[in-house]
Structure formats: structure tokens, C-alpha cells
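Each of the next two complexes has chain A plus one more chain, namely chain B in the first and chain C in the second.
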Partner chain A sequence: MVLPPNVSQADFNAALNEFRSAVEPSWVFSSDEDVALYRDSYSINWGEPDERVASAAVAPAKVEEVQQIVRTANRYRIPLYPISTGRNLTYGGSAPNMRGSVVVDLKRMNRVLEVDEKRAFALVEPGVSYFDLYHYIRERNLKVMLDVPDPGWGSPMGNSLDHGAGYTMAAFRDHFGAHCGMEVVTPDGELIRTGMGAVPNADSWQDFHYGAGPNVDGLFAQSNFGIVTKMGFWLMPMPEAFLTGTVTAPRHQDLEALVYEVSYLEDLGLTGMPQYGSPVGRGAFGPGAAAMASLMQNGWPSAEAIENFVTAQKRPAWSVQLYFYGPEETVRATWQAAKRRIGKAIAGATFQDGEFMTLPIPKENEPTQSDKPRLGIPALEVFNMVARNQGNANDPSDGHADLFVTIPRKASALFEAARVLYETYKELGMPAQGNPFPTPFTYYSRCFWTGTTVPTWRDPEKNARSRAIFEKVINRCAEHGWVGYRTSPAFQDLLISKYSFNNHALLRFQEKLKDSIDPNGIISPGRYGIWPASMRKNRA
Partner chain B sequence: MVNRRTVLKIGATTLTGALVNLPVLSRKAASARTHSAFQRAVFDDRFAECQAFATELESPGALTSAIRGDVAKLWYEDLRVHLSKKRTPVAGLTDRPGLFCLEELARDVGMRVIFRADHITEQNGCTQHAAVGLPSLVAVARKLAPEPGFGRQMARLFSQFDGGGLNIGEPRDAAAQKLTGPFSPENKTTLVSWVIA
Partner chain C sequence: MRRTLFLLLVIGSGNFLLAQKPSETNGKVVFDKWCAPCHGAVAPKNVMFGTGALAGTSALAVKYKGKLPAVLEQRTDLTSVMIKSVVRHGLFGMPITRKTEVSDAELEDVVAYLTRNRKK
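Moving on to the complex of A and B:
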């Protein structure tokens, strides 16, 4: 058994007994086998002395129990780590930020409190998963659509509070951005509601997110200033139709214009999340693998060599799949407008009509949909899609850690990042990764993400290598101002250290808040680099 | 191939010795009188070994549920509801993603993997078996032959397991928990037989 740091066995036992009084004994878990359930399945420290494992777990059923747990934790200085469904794999999962914390498993708080079809919002508790909310909506035939991550087994609350994102329209796939109103148990056990929720008789808690005065909601995302117990979300009204279309652009240099035109459409709210691709740059395993290897054999090629490569391949350099949601007249007209604009901007661009369907999809047709997340349908199929691949030919990993860095939404930034990552991997002695045809992640509509993923293992030696690679990539990207938007606890201190403007003034400000709001440092110590004063490293 | 003589030699303590000497028809009849620990079982319909597993388990009266790689519908519309009302052990033969997902989801109802055997089949058809967890099951699973047929053998093992000493929620060794992630070798077929309790 692991004890919380600086907590005696006697105090820990006393705290567990108080937890048992608060939630009933059967919902306090302290055996090794029970606590093992909360291990991070993708941990990059598996089995090592500093693996972030819990000392115990407690599962409250209501807000009052959460408040009691927090008050007990203050009495005995027990660090707590709240989770909703605990399935944020690659970013820590159900394991705490700090070894020895008690996991507060909010799975029993699983009520969908309200879904208003006409005002298009939902109010949920932490334990409500995307599957739960989806089934709630479908069973009642409500005309609203979810935006879901993939896989969809997490919760709207958990995903949004870690700045997760989805696949539909910009206003909804920024999950935290789409929230409206919170209820939070603060570190002293108090209960607050934000926005219009702070007005006792207001019926607009999920209609207007600011209220008056400073909006504090952001303090509770990727942080440790409280335990969120209710959260509202704006939902997309169910569109009448869904249409896809694919655009190709012939030349490597066309990406700049393509990005501009696609971003124009998205910024106007006319399209959903674009899916960029490169017919000639499909990586090491595609039909053009040999030609690509030849292009890259002497390092990063020149612009001329790249264009000559594209010409020789007789395939377009770029493609982008566009997704339209709305009335049939609108989606068809918008696609026509997209063709007109892009056709004018990019000589030789081609267009292919894609799928059209009316929404909502009949339930019996759901299983056969190939892109469920873009239709707001949660799924777990991604695990099967990636379970066996050539990257896992002989020695499959046990998980992965992901780093997505934020870069400006422009082609030149994407090219530069691809080149730097390519050279970084080369310096590390890794097999060549990347080529001049990178495609961005567009989860957040106003920026691009690019990045890397490293395997994680049940083998400490292999994990040590993965950690070294990950840290090198974080450091190298940061030299160019590209820093990740989230990461697993193993790297959060390093990641946050890159947000260093004015001698880390932002973190110092957050620490002042932490010292004031949570002087005993009981909520998620160390989350995103915010440590309680008693655990803080000395800094110059 | 595991046959009745092999099973007798293994002498697994939780197998009902008299069963293994009976001809097949009688075994079905006898099995109906045997209390198997498993009323529910999951199998992946895409694999022949899993289909044989399910067929074998249906005889003693287990309710088998087919998936085709994706456990979402089974879990959210069936198993979670069933296990939330009454936690009973569930057996299965699936690929690694199937077990990985069910293992993560089972935490919601306080259940965990207590036995697993990874059956990795090479391209030449030979299968290696590696088991961990409940000792009585491990003892048999580790000695499975490399030839095809392990799906049926694991089902027989499960159907004859009377659950001696298996109490839901009782703490035990966590060795079988989270043994691997969802990934498996690209050039081999990896199936996993498992018990969640």
C-alpha cells in the first residue's frame, strides 16, 4: 500500500474511516486489488517507484458527500484526485497526478439533470459519459446533437475540463468553450455556482455563461482549484442534413491558399472540422513509400525537389474533406460556394461530392456509419482500428503518450514544424518520421496542432527511452514557441515550464491563487504544474 | 490437442473429475446439472476459436454475447445494466482491444480481471498460451496444446469451473489486472480468454 506523502498511517486510517462514514463503507476502496483498478493503463512509469498510483479511492454519490470528503481531507492533509470516468488515456487516465493521492471517483454522480431541446443545452453530473448522454437524448427523441471525442467512453465534464475536443462545428467541438455554468466544491468544502447559477432564482444558468464580474470557470479546467459537481453544455441543434465533399489541390505550394479558404469557411461557421490529407504524402506504408524514401534520403528536400516529386507522382499534393451541417438547401449551397471560392483561388483544384444524409440517422443505421464522431455518435471502434498495425509488427506497445503542440493556422508554420520534428527524430537516432506533406490536427478551429506520440510499455527500460524522446520533443518544439496544450502528469511540470513569459509570471499568479484557495494543498497537487506551497520546488 | 486423458493428467482441482470421462452427449446432460460459475460470456464473432468457445459454453446454459470487435453496445445496453443489478462473473474470449475496453469499463461496477490467458497464434498456426490469475485456471491454460482448438478447451475449462472460492468483490492478487494495453502484434493473431469478476 502507498501512503499519501507526509501522512501517517494513523491519520490515513482515520481519514478512511471518516470517508466510510460519509459515503458508506462499500464505496471506499483501499485493498491493493481495488486500488489497482485506478492505475493508468497507459502509464509511462509503469511499475517504477514513481508511478503515480493511488493510496485509496472513494466514490461519493452526491454533492454533500463530496463536501464531507473535502473537509476530512483538510483535517488530515489527504491529497485528493477527482475523476469523472477516468478514461483520459494518454493523459493520465484514472491515476492521480501525485503518487499516494486518494482518488475521488465521481462515477456514482451520474445523472443527466436536464436536456432542453429548444434552448439546446444539457446539464450533467460528472459520472455521465458521452454514451449515457447520447442514449438519454435518443431515447427521448430530442432534436439535439452531441459533439463527442473518440473514443467516446469519457464524460463531457472530464473531457472538457482537460480541454478535450471533438469533430463537428467549431462552436461545439471546443468542449470547454461550449460549456455554460458550473457547480464546484471548493477546497474548503464550500459550494459555488458560476455564471447565472450564482443567482438563486435564475433560470438562465445554461443560457449565459458570464454572469457579472470575473468569470472564474477557467480556473477549474486543467487545474486544482476545486471539484466540479455539475456542468452545463451548449448542444448543436440537430441539423436536418449532413453533406461531405472532398477538395484536392495539385501543388505543394497550394496548401497556403487551401488553408486560407477552408479557414474562411470555418470562421464563418459554414463548415465543420476539416480533415486535411496528402495523397502523395501518406507516410511510410502507403503506395508511394519507396518514392518518398528516395525524396528524403538526403534529408529535408528543397522546394524544387518537393514540387518535382509531386509532379512525378501524378497525384495531388493535398486534399481536404469538408463537412457541412444544416438544412439541405444550406449545405448544398455552401458546398457550391466552397467549390467556387477554392476553384478560383487554386488552379487545378478538383472537387468530389461526398456523402449526403438526412439527420437524425435511424438507430438501426448507426452501427454501419463509418465516421460516427462526426455524426455525434460515441464509439469505441478506434481501439480496433489501431490495435494491429505495422507499427506494432512484432513488439506491440501497451499504450501511448501524446504531445500536440499549438502552431499558427498557416501552411508555413506546419512545414516548419514538420521539418523540425523530422530533424529532432534524426538527432535521437530514431527511424525517419515526417516528410514535407504534413497534415494538421484541426480540433481547435483557430489554430493547428501537430505533434508526436511515443509508445508506453510495461517495461521500465523501454519507458525510459520513450520519456527521453518525449522530453526532447517538448524542449525542441518549445525553442520555436510550439508548446503542448495538455500532457500526462509525467510531463506536466516540464510542459508548464515552457509558459515562461516574465519569469513564469503566469504560474506564479496561479500559485498565489492556489495558496489562497487551497492552503492545505489537498486538491490534485501538481496538476499542470501547480503545487501547494509545501511541495513547491525552489525556483530562482 | 487437449483431450480427456490430458485433462486427467493435469488434475486441475476445480474440475469435476467425473465429467471428463463421459462421452460428449452425456457431458452436455451432466453439464446441465453442474453449477458453472459463468452465466454470461462474451466472444468475438470474427474468430473461429471464439465461435467454438461460445458454442461450447452455450451447452451448460451460459448466455453468450457476440461482439465484432466493438464492446460499446454490449456494455452500455446490456452488461452494465445486468452487472449493476447483480455482479456475477463473466467469461470471455476476445481480442486484446475487446478485453482492454471491458476491463476499463468494468471498474464502473467494481469488477476486475481475475484471470487472463493470452493465446498468440503464429502465421504457421501454432499458438502459445500465457496465463495469469486464478491458480486453478492458470494451471490448465498454461498447458494447452499449440494446435487449434483452444477456444473450445477454454470454454470447457470455464464451464467446469464451479467458482470454488470465487467471491465477487473479495480482494485477491491483482496480477491479472491491466497486463497489457489494447495492442497486439500485427503479424500474429492474439486472442485472450478472461474472467471478469
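Moving on to the complex of A and C:
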């Protein structure tokens, strides 16, 4: 058994007994077998001394129970780590940030409290998954569409609090940005509601997110200032129709204009998340593999060599798929406008009409529907990407860790980042990663994300190699101002150290808040680099 | 009074029996919620980051190369120990499932469902 740091066995036992009074005893997990269920399945430190394992877990069903747990934790200085559905894989899963913490498993708080289709919002508890909320809406035939991330077993609350994102319109796929109103148990056991929820007789908690005075909601995301127990979300009214269209641009240099035109559509709220691709770049894994290897054989090629390569391949350098939501008249008109603008801006651009469908799709069509998240339908199909497949048939990984860094929304930054990642892998003596045809992630409409994924294992030697790559990529990207937006607990201190303007003034401000709000340091010590004073390391 | 007592006893014993005997029917419900999104039989043609197939089903197809069914519900060789071990410990990309998600009783139901056709 692991104990929390600086807590005696007697105090720990006393705290567990108080937890058993707060919730039914069967919902306090302290046996080795039960506590092991809270290990991070994708841990990059699996089986090593610094694997972030829990000392126990407690699963409340009501907010009053959460308050009691927090008060007990203060009495005995027990570090707590709240999880919602605990499925934040690659970012810690159900394991705590700090070894020895007690996981507060909020999965049993699983009520959909309200979905209002006319005002288009939902109010949920932490343990509600995207699957749960989707079924609630579908069973009642409510005319709203969810915006879901790739793994549907996640929690709308947990995903938004870790700045997760989905696929539909920009206003909804920024999941934290689309929230409206929170209820939070603060580290002293007090209960607060934000925005209009602070007005006792207001019926507009999910209608207006600011209320008056400082807006504190952001303090409860990627942080350790409280345990969120309810959260509202704005939903997209169910569009009448969905239409896709694919654009191609012939030359490598066309990406700059393509990005501008697609961003124009995005910023006007006319398309959902654009999916960039490169028909030529994809050739690196198919019939064009030999040609791509030839292009890269002497290192990063010149602009002229790249354009000659594209011409010889007789395929477009770029593609982008656009997704339109709305009445049939407007989605068709928007696609026409996109064709007109892009056709004028990029000589030789091509356009292919894609799928058109009326929404919602029939229930019986759901199992075979491709790209479900684009239609707000939760799924787990993304895991097909990392599961055992023909490429790793004899040695599938046990998980993965992702690093997506934020770069400016422009082609030149994307090319520069691709080249730096390529050179970083070369320096590590690893097989070359990437080529001059990178495609950005556009989950957040105003920036690009690019980065890398490393496998994780239940094998310390293999994990050590993955950690070395991950740290090198974090450090090298940061030299260029490209820093991740989230990461697994093993790298959060390193990541946050890169947000260092004015001698880490932002983190020092957060630490002052921490010392004031949570003087005993009981909530999620170390989350995103914020440590209680008693555990704070000397910063260089 | 005697009638009420009798009813309570009957209801009570029913619950007792239900608690003791795993339910294949509920096992199917739990399987559909927690397992089928990766281990189901029906998949779309395309998914966002790969070819169409569910992660668990396609992984098992690669692993068994046709020697065993890739769809768990078609298997006749699964055992209670095997099912519980994979659910509670995870396997490759499949994560650990906690008791707040699938309780021990529900896991027994899943075992009953997935071993219903087990060859004796």
C-alpha cells in the first residue's frame, strides 16, 4: 500500500474511516486489488517508483458527500485527486497527479440534470459520459446536437476542464469555451456557483456565463482550486442538414492561400472543423513511398525540389474537407461561396461535392455511420488507430502519450514546425518523422496544433525511450515558442516551465492563489505545475 | 399481516436469488454499453483515423488470423478468469475498467453472457 506523503498510517486510517461515514463503506476502495484499478493504463512510468498510483479511492454520489470528503481531507492533510469518468487516457486516465493521493471518483454522480432544447443547453454531473448524454437526448428526441471528442466514454465536464475539443462549429467544439455555469466544492468544503448560478432565484444559470464581477471559471480548468460538481454547456441546435465538400490545391506553395480562405470561412462561422490532408504526403505510406524516400534522402528538400516532386506525382499537394451544418439552402449556398472564393484565390483548385444528409440520421444507420463525431455521435472508433493492426501485429503498444503544440495559423509556421520535428527525430537517431507535407489539427479554430505521439508500455525500458523522445520534443519545440496545451502528469512540470514570461510570473501568481485558497494543499497537488507551498520545489 | 410478510419473503428471496445468479440478459445490456463500441460486430466503412473496423474486433482479427472469431459474442472458448482479468487489468490499448463503471455483479453478468455458448 502507498501512503500519501507526510501522512501517518494512523491518520490515513482515520481519514478512510471518515470517508466511509461520508459515503457507503463499499464505495471506499483501499485494498491493493481495488486501488490498482485506478492505475493509469497508459502510464509512461508503469511499474516504476515514480508511477503516479493512488493510496485509496472514494466514490461519492452527492455533492454533500464531496464536501464531507474535502473537510476530512483538510483535517488529516490528505491529498485528493478528483476524476469525472476517469477516461482521460494519454493525459493521466484515472490515476492521480501525485503518487499517494486519494482519488475522488465522481463516476457515481451521473445525472443529466437538464437538457433544454429551446434554449439549447445541458446541465450535467461529472460522471455523465458523452454516450450517456447522447442517449438521454436521443431517447427524448430533443433537437440539439452534441459536440463530442473522439473517445465518447469521456465526460463533457472532464473533457472541457482539460480543454478538450470536438469537431463541429468553432463555438461548440471548444468545450470549455462552450460551458455556461459551474458548481464547485472549494478546498475548504464550501459550495459556490458561478455566473448567474450565484443569484439564488435566477433561472438563467445556463443562459449567461459571466454574471457580474471577476469570472473565475477558468481557475477550475487544468488546475487544483476546487472540485467541480455540476457544469452547464451550450449545445448546437440540431441542424436540418449536413453537407461536405472537398477542395484540392495543386502546388505546395498554395497552402498559404488555402489556409487563409478556409480560415475566412471558419472565422465567419460558415464551416465546421476543416480536415486538411495531403494527397502527395499520404503517398509516403502507399505507392509513392519510394518517391517520397527519394525526395527526403539528402535531408529536408529545397522549395524547388518539393514543387518538382509534386508535379511529378501528378497529384494535388493539398486537400481540405469542409463540413457545413444548417438548413439545406444555406449549406449548399455556403459550399458554392467557398468554391467561388477558393477558385479565385488558387489557380487549379478542384472541388468535389461530398455527402449530403438530413439530420438527425436514422437511429438504425448509426452503427455504420462513418466519422460519427462529425455528427455529434459519440464513438470509440478512434482507438482503431492505436490498437493491434497489421503494422504492429506482434508488438502492439499498451497506450500512447500525445504532444500537440500550439503554432500560429499559417502555412509557414506549419512547415517550420514539420522541419524542426523531422530534425529532432534525426538527432535522436530515430527513423525520420514527417515530410514537407504536414497537415495541422484545427480543433481550435484560431490556431494550429502539430506534434507527435509516442507509444507507452508496461515495460520500463521501452517507456524510458518514449520519455526521452517526448522530453526532447517538448524542449526543442519550446525553443521556437511552440508549447503544448496539455500533457500527461509525468510532463506537466516541464510543460508549465515553458510558460515562463517574466520569471514564471503566471505560475507564481497561481501559486499565490493556491496558498490562499488551499493552504493545506489537499486538491490535486502538482496539477499543471501548481504545487502547495509545502511541496514546492525551488525554481531555477 | 401474514400475507404482507409472505410477500416480503417472496420478494426478498427473489432478490436474493437474483443477486446470486448472474443474468445473461443484463450481461448483454452491460456488454452493449461498455464493450460493444470496440468489440461489436458492426462497423462503419471509414473512421476518422483509419479504415473501418472497431478497435477491439479488428485487433483480435489481426491476432487470431481467423483461428478464433474476432467478435467476442461469437466466441465459445472464453472463460470467467480470462474475461475478468482483461476487464480489470486492461490489455494493450484497452484500459482498466473500474468498479464504479462496471460493478463486480455486472461483471459476473457479462461473464454469463459471453460464456453462454461455451463448449462444455
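In this section, the second predicted complex is superposed on the first by the 529 of 540 C-alpha atoms of A that agree within 3 Å, B and C clash if a C-alpha of one lies under 4 Å from a C-alpha of the other, contacts with A are read in each partner's own complex, and residues count from 1 in each chain.
Criterion: a residue touches a chain if its C-beta (ideal position, glycine included) is under 8 Å from a C-beta of that chain, and two chains touch if they have at least 3 such contacts.
In this text the structure is predicted, and so the values were computed from the model without any measurement.
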| item | value |
| --- | --- |
| Clash or fit, chain B versus chain C on superposed chain A | clash |
| Touching partner for A:Thr368 - first (chain B), second (chain C), both, neither | second |
| Partner chain(s) touched by A:Glu461 [first = chain B, second = chain C, both, neither] | neither |
| Contacts of A:Asp50 with chain B and chain C, given as first, second, both or neither | neither |
| Touching partner for A:Asp150 - first (chain B), second (chain C), both, neither | second |
| Which of chain B and chain C A:Leu380 touches, first, second, both or neither | both |
| Which superposed partner A:Asp32 touches (first chain B, second chain C, both, neither) | first |
| Contacts on chain A seen with chain B and repeated with chain C across the two complexes | 34, 36-39, 41-42, 85-87, 94, 107, 131, 152-153, 367, 379-381, 383-384, 386-390, 393, 396-399 |
| Residue ranges of chain A touching chain C (in the complex, touch as defined) | 27, 29, 34, 36-39, 41-42, 59, 85-87, 89, 93-94, 105, 107-108, 127, 131, 150, 152-153, 367-374, 379-390, 393, 396-399 |
| Touching residues on chain B, where the partner in the complex is chain A | 69-73, 76-77, 95-97, 100-101, 104-105, 107-108, 110, 112, 171-174, 177-187 |
| Of all residues in chain A, those that touch chain B in their complex | 31-34, 36-39, 41-42, 85-87, 94, 107, 131-132, 135, 152-153, 367, 378-381, 383-384, 386-399, 456, 458 |
| Partner chain A, residues of chain C touching it in the complex | 33, 37-38, 40, 42-56, 58-59, 62-63, 88, 90, 92-101 |
